[in-house]
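Taking it in order: structure first as structure tokens, then the write-up.
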């Protein structure tokens, strides 16, 4: 029994950190939802795209080389450089801003005032497009992402816990980093949206497009800004997940792990994304540990959703979501 | 509590018969979190009369209608309808008692045509079973035609024949208000609640709307409770007026009584500019 | 001015409520039926059946189902894949447990079972709305897939968890199993699709349909004018799930013949069907068919053009296919957010005015 | 009172046509001019096109799938068609939209601050104007920390006006400020319009259904019907016009008609004959 | 011309793996065409069709290529294989699924049209256990073995076999499912870290492999005790993990690397003239070699069929006969430029699965290559044979097939 408790504690800690990783993806959703009421399904693909671009830039791959090779019969491979991580990250962030501008110009601008489900569909279309584009640009093979983040067990934590409990906890150093970065990101985003002029404008746009226009807020600027920030958040998520499990197609599927986090935390709340992530992370890991063996395991795919569902029945707007104003 | 509804009846100046108490609100209190939207208000609505509720913005008028139609459940107080105390009820159950209403911010079904919107008013009159509907056979088809005839009468009455098939989303404001009225009428209610039916209309349109309200009251004998900010309309149409202010009742009586009540003038009317 | 309404007088409310009020539409519909029953079955081959018609018809049924829920009753669902799986596994269990009973009855029963499951997962819709509900329906999607993968009873304890459709006949014709002819598959699906479309049409134009639409457009107002949200929403979930269950049963038994739950009924199915109804048109029966046709045909067409005609490598073609499908979805939403059905209606409206606009 | 005829025209609307959704023709040639420092009223029934006119001026039509297909609008002699709403706000034209349109989830004060979005004259100046707005609307100061979504209709109207003032506008386009407000509040709002107009010299173009009040406070009026200007003139003159009296003020020769007495056949408007 | 469609997947969750396999498959036929003018004078056409590992697209691909006289299918997907098994028996086209698909298809009496030599999943399971037996002096009593598997038809295949083997050899088996795609496996590996199994087997595909190897490295699980099935043993699975993956082992049923004579020809006839599939990026990788090997077996079956039928333009039915009498001896392999590349493949009417031999390879992270560390060895037919009979007979009953006499 004592063992089980100690194990639970270890799982709890790991659950927290996994939750942070989910939250990183969820954050991007929240930002865009907050600022435009758009449920951006493409967020996961955005993370994939960012990671692909980062690897491509860092390793000097020639974009579209398959296409070029197929059409012109050339054998382009790479530019033959390797850029330092920081520079590559900056350049990628630039690409994400460019992407945000294009998305605004080509998609969002034409869909102002449409129903949410239409916008949601548009982002699914966007997801398809970006997925294809990412493949065409950088190839579909699995890529290794290394920006110098440490990985593997943290020995100090292991030895400390081993001394305390007689069982060394496993904590991944990458997760520790992810937690620190996520905390920073959340603090910065909260401060931004709550206390700055642009943040206020962003929330205003979320409430009422027309009214925001009427006071002179430029929707286009706000949207480009928000999508750029979301693109940057996607880049961070992409770096974390890419370092963890390589950069390839499945990276985009982490979006599915972020959705229950959103539900639980509330679509509009930045702190909600983190808290929701932590609850989901811990919940699914502990459930798998305690209940999983009784019902055959592999419960993690659905547990988060069912947990969020049950939770929502009692609080339909999520933990920190804005109260749904129901008046007639 | 054994309130017996007052049974006295009277006849108005223009010869309409006002009956006994139809709806009796007793000591209603409604709170939202810390906000007390309605504070211990009692009033009644008599059969056949036009009863107005007035008061400044945020006084709790709409909330009161919402209590009547079961959308808000008051923390305290009792609602009596036709001499029976109404227990906690879902809004759709209240609707089945014969209470229909319109809304302050138009609540039409935007994706449906005018005709379908009005037909929704008759949902509770249609009883065909699932199978009959699925196969469009027997009761379902008969019912549809019978109810359609009723609805066409209302369409004629409100003079909206030419927009029958138009999706309501495209209609101008005034017509929407009229369609909402039609939908409420389609339910053949005994009590009709109108929340600012003439907001955003000019005098001419208000005149039209007044005519419809009076005709409904006259021809079908429908009891009407009405919220309005246009004092001209209120004073001209209503038999009795309740005045609310920040959740309290500050006046109740005939239009003339209310018009001359100093508290009402201070809280609501301001200086009269007739 | 061939296409017009003028002169098409209605003399009663019955006529006014008919499905194709304009004579030319009616003719077009009869002509389509004649081709579907009189010509296609005789010329269809395996490729056309398996790559085009059968999936189109089956997805049209699923799209009808989802359209009832999402398009008419306004409840966005991403659980379609899971519900199709219920239909598939139900029909599999029924087929293997009661081989002597007609497979048509099994398919209908599978729909019924799915309807019950759908209602169960529809219960939260009373509290949860909008995207929260959409995401919540994913719980159904993931849970059901897990269940069918995990509990061996559902796949009759086969080693790998795959299910295989045994051969069954209707009136002596094989309709499931490998020996089924192209025409046989096609006709079964066609008949189901038409019957269900007719039922959907009946339901949506009557009382139940109005309740659904009222809930969709403004649920609070609907409740206040007398719609019971519980029965309205649950009936939408039930009817929708019935359709989707039938589609799942057909997909497994008639089309694929073998299925593995995670692969055949994964979340991509849910999205695919949602695409269909949005591209086709929310709240439109015609739109369900148009959307299904679009999403089934487009990839086949693109592949044939890019690989077949341009001779591109398959992977480039596949990547471009993704990009083109994605871009087209966005394009369609921008041009006409209300889908192909609305485009069609607009085109007809223009035709009606032609040659004298305004 | 300002003499409208002699002052410079800030805003000129010249024979504009507006079409929604490529098919619905709503304005069929509307022209008006708004003199600097005046209060100009735009009157007319439901669907006459008042809101559409205002939105055409502030370039808010695009997001409703509407467009100006003919005619020109110029502000201080400059064509506004190519400006986006934000630039227009910077140039001093701001619209208070019909139905108030507060930012529900922002507090009252945050709502007001969004009004200063386009300004770049520093936080101190903004604070000062915030105080000015609170002076005009003391009620808002009390509720500064409440979420706008939970304030009453009248308070929301004040928020919307205050928000517009925060941009230090030269011209305010005010759409139906009286809709749904209690009579006392209507007076109050118009008093404030008058005070701002006289105190800060802000020009107003206001669309109203409540002809009675509007014509008491405005200097000049236009009457719109079915997308056309059917009448215009100084407010005082309009008030005396028999048609306006009958159809917009509800007055007959013996004073105000009762709403109970309108069941009879009515005379056609003269200008439609 | 001979038509051998290549139902490949170069997109979707498993695109990275599918691409390499498809390249090897294509290149081998290109080599035959370029160097020998095809097989028996007939040019081999390899129309490619993208399935994205999706069963419905697989059906579409099957239908669209079948009309052009397809001789054999090799979809590299267990799901699509299950789909096609009933179809090919009606259409009478062989289905060749080396190392994947339905294991009991080995029984040619029931599965007339399906071939899965040289090895199937159960052979693999037994091969892994045999290897461990050899390492432990023939005794696994009391050892703990964990199976980390892809929670799908593919991953579940070996469980029955392993359970039977566990009973036979007295080791304990823990089954740990991982849902697709499987990039998040923290729970699974924390469990492994707690349970401390002696060995971990993995049945993974796509990102799941690499995530598992990464997590194993993270918890410092001894890599030499971590063994993958052949689908979990390619370069893409280990390279992202870097040095941490050193020592990881995987089964294989063919050789790897470019140290075979055939690569000289490949370079001369295919790669240098620029005819390599997708630019020849993956030449020599594990999955490339496997695709090439599959093509080799098919081409040998075609040769055999031509020989039997006495005509070069064979039909699908004739190809079935070719498969059933196929015998690829070591000498023949040597002739083909791939000495000792695979085990001897000998198929008969009732044995469609060959000998089931496999061998072990180990990853050398520093050199960045796989090294073969054992010879080919036989699986435990004593355990496998009854399982195969049982499963195939169950299928025959369900599908109403009367097994043929052989």
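Here the chain labels run A, B, C, D and E in written order, and each chain numbers its own residues starting at 1.
As a working rule, contacts are C-beta pairs under 8 Å (C-beta built on N, C-alpha and C of every residue); 3 or more make two chains touch, one makes a residue touch a chain.
Everything numeric here is computed off the predicted structure, so don't read it as measured data.
Chemist: Within the chain touch network, how many edges lie on the shortest path between subunit A and subunit C?
Modeler: Step count on the best path from subunit A to subunit C: 1.
Chemist: Going by average Cα coordinates, which chain is farthest removed from subunit C?
Modeler: So the farthest one, by centre of C-alpha atoms, is D.
Chemist: Tally the contacting C-beta pairs at the C-E interface and at the A-D interface, and name the larger one.
Modeler: Counting C-beta pairs in contact for C-E and A-D gives the edge to C-E.
Chemist: Distance from the CA centroid of subunit A to that of subunit D, rounded to the nearest Å?
Modeler: 45
Chemist: Just give me the whole-number Å value for how far the CA centre of subunit D lies from that of subunit E.
Modeler: Comparing mean C-alpha positions, subunit E is 76 Å from subunit D.
Chemist: I'd like to verify one number: the distance from the centre of subunit A to the centre of subunit B, where each centre is the average of its C-alpha atoms, in whole angstrom.
Modeler: Comparing mean C-alpha positions, subunit B is 50 Å from subunit A.
Chemist: What is the distance, in whole Å, between the centres of subunit A and subunit E, each centre taken as the mean of its C-alpha atoms?
Modeler: Here the centre of subunit E sits 36 Å away from the centre of subunit A.
Chemist: What positions in subunit B touch 2 or more of the other chains?
Modeler: 71, 103-104, 107 - these are the residues of subunit B that touch more than one other chain.
Chemist: Subunit E: which residues touch two or more other chains?
Modeler: Within subunit E, the residues that touch at least two other chains are 10-11, 15, 19, 151, 179, 278.
Chemist: Please output the residues of subunit B touching subunit C within their complex, sorted ascending.
Modeler: Interface residues on the subunit B side: 69-71, 90-92, 94-96, 100-101, 103, 107-112, 116, 119-121, 123-124, 126, 128, 130, 133-136, 140-141, 143-145, 148-149, 152, 183-184, 187.
Chemist: Within the complex, which stretch of subunit D touches subunit A?
Modeler: 58, 60, 62-65, 84-86, 88-90, 94-97, 101-106, 110-111, 113-115, 117-118, 149, 163-164, 167
Chemist: Once bound in the complex, which stretches of subunit A touch subunit C?
Modeler: 39, 66-67, 70, 106-107, 110-111, 114-118, 120-122, 124-133, 135-136, 140, 256, 259-260, 262-263, 267, 295-296, 298-299, 301-302, 305-306, 308-309, 312-313, 316-318, 324, 326, 328
Chemist: For subunit B, which residues count as touching subunit D in their complex?
Modeler: So the residues of subunit B touching subunit D come out as 14, 35, 55-58, 104, 170, 172-175, 196, 199-208, 210-211, 214-215, 229, 231-233, 236-237, 267-271, 273-274.
Chemist: Can you list the residues on subunit E that touch subunit A in the complex?
Modeler: Residues of subunit E touching subunit A: 10-13, 15-16, 19, 151, 175-179, 181-184, 186-187, 190-191, 193-194, 206-207, 210-211, 214, 217-220, 236, 239-240, 242, 244, 274, 278-279.
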